[in-house]
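In the two assemblies presented below, chain A is common to both, partnered first by chain B and then by chain C.
And now, the complex of A and B:
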């Protein structure tokens, strides 16, 4: 009862200016309560442990940066530099790497279908859900010390402001000014830790509008599609740099995903 | 003017550069993108080639020096091709174009006409409430500004090439990029200016 009274007072205090915002928040909360994210994590776990590829091996010995087979907190510490490939990788790039090295699969075969749909989610989406779920409660702590990690961050930071594509957009066209919307979708200012933290703490995520699970590689790919550019290559230095920039900006946020988005 | 500005930028880069890892130059970012993107469907790699507008707006964080902006805006103005006669098309068709958000993306059929996606950013007609807020409100546009030939030329020109009016505008250049046809741009002009359009009711 006291909580209800408090909420009522709070609602009055916030007034009509915030009414629309709280509607969004309320919707987000409701969708999260009925989210099938857990199901994706469970299927992902099965796929992680399933023997596949020419080497008939599972991904259980995959080294996501914490040592072979260590999943706890691994997602929260990515992207980072990997010495064995001498490059910065994010979760999906590293999973792809493990598919190729541990299971002996070709890049083409492993990436035949990186993004799924409502009828058939992709293997990568299930695996990402499982891996990310093992970092709940860990603080986002991407690599920032190695020179290549710094280079990746700097590239991502610059990419964020590049005017490009047929329609002259940059990331900041939509994510550069506070309080803006595309249609009814709120646009977070992702260069601001205040906005980047809650967002990066909940990707990858089940997306209600797509009725399926979506990853950060997809999110960045889909932004560029709408920016009317050609397609960025999955797991490329450019996409990983963007992910690095966003994750470093969100550094310190406690990971509580996989989340649920509108 | 351009040269002077480049000198200033170069000096600023020298001062800032000792900090940790130097940020990549705009040219290096371009090279990274060209290495990491692939043509797909109608979206060719040429779409990554920055023209002078994109280059200057990127380099100045969308705040170009006034004199340079004026010069480049004048260049952009020269790209606008006005059809002869009235610029007012069919507002009903214009409403559909403003309403829709498809077109020019790699997964779409290039033979199908593109939409304007106007509502993504602009509030226009009270009939449609789900409008974005990146652009200014266009409610009652013709009602408050009139619909004479000068206003028609302004609206048509702005749709054709928004950068002729504001160099680093977030608005795409729908005519200049061949995204909308002449007839489509006339229809959207009518949607904003025709007294019978719901925008002006």
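And now, the complex of A and C:
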């Protein structure tokens, strides 16, 4: 009798866990169907081709790792080591680099407004959407051979578990155990390739709840802000290393983004 | 200035499925303290002939997405979707059924 009662409870528990899982999946499917993310790609394309800065140049000759002007699959192969700057860069760091070198803009001017809002998205957000969209269908394949790429990965891996800030949080405080969530967002265990793959395959992303496009630099910055640490510098070694660690963990996933989040 | 629009029209099993994205703030009365800004009229034309005339309200999200299913249609038919907002701004996009 007891055994029967026990198995009934177990079945109930499993049933509700399953229902919750499909609720998330259902919600994600519905938001993705009605996503305006392609509009961001369209504006990004115009900005990419627009002549700007003291040199009055477009970003069309920007080398994202596949050669000047090659966008197809470039996002999926980032972050990677760039010989010309002797460091590892992710997409946004590289776009910033191109704004400074090709267009002759100062770092301060180019980064005046890296993250926008619903009424006025930032240039970086539009460009990031456009560049990422050109990698749809490509497998995530960040650089892992160069010693600096290995160092970056190791730094990111270490940073993932370092406890810091007022609350003594690390990334693993939220992303370290299964089954956690914040409202309608599940908190995946990002050190697990199974969880990292679908996630990294859909960033950057349009966020439905506040109608804004969010980039990976923003995502990492905002995690640090929520951990109550000073926000990292845009395009810094820290953020690139975090991005490198997450992308290498998700390696092999087919890029489906830019995605749509709750 | 009106932002971009994007549309896809595909023929499947005797129906034409149209999906159109439009950039618009769709700001409500409450959000703007009495100066709402939203799309009021939506028009769908097939080969120049109006097939849908829609009136929509503030209760539609920012950057809306609309899908329609039109009966029949052949490849190459020209579908045009245009909108008019309460401030008189307008935009349109055109695509051929694929």
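A few remarks follow.
One rule holds in what follows: the second predicted complex is superposed on the first by the 245 of 262 C-alpha atoms of A that agree within 3 Å, B and C clash if a C-alpha of one lies under 4 Å from a C-alpha of the other, contacts with A are read in each partner's own complex, and residues count from 1 in each chain.
Convention: a residue touches a chain if its C-beta (ideal position, glycine included) is under 8 Å from a C-beta of that chain, and two chains touch if they have at least 3 such contacts.
Worth saying up front: this structure is predicted, and the values here are computed from it rather than measured.
Aligning the two structures on chain A places chain B and chain C side by side, free of any clash.
When both complexes are overlaid on chain A, the residue A:211 reaches chain C alone and has no touch with chain B. Taking chain A as the reference, the larger set of touched residues comes from B, when chain B and chain C are compared. Of the two partner chains placed by superposition, only chain B is touched by A:167; chain C is not. After overlaying the two complexes on the shared chain, residue contacts for A:70 are found with neither chain B nor chain C.
In the superposition on chain A, contact of A:36 is made with chain C only, not with chain B. In the superposition on chain A, A:159 contacts chain B only, with no contact to chain C.
When the shared chain is aligned, chain B comes close enough to touch A:233, but chain C does not.
With both structures placed on the common chain, the touch criterion links A:118 to chain C but leaves chain B unconnected.
When the two structures are aligned on their common chain, the gap between the nearest CA atoms of chain B and chain C comes to 22 Å. Considering their complex, residues 20-24, 26, 29-30, 32-33, 35-40, 43-45, 47-48, 50, 53-55, 57-58, 61-62, 101, 104-107, 119-121, 130-134, 163, 168, 170, 172-173, 177, 179 of chain B touch chain A. Note for the complex: chain A touches chain C at residues 33-36, 38-39, 42-43, 118-119, 211. Considering their complex, residues 3-6, 21-23, 25, 61-65 of chain C touch chain A. Within the complex formed with chain B, the chain A residues making contact are 147, 150-151, 154-155, 157-159, 161-170, 172-174, 177, 179-184, 187, 224-226, 228-233, 236-239, 241.
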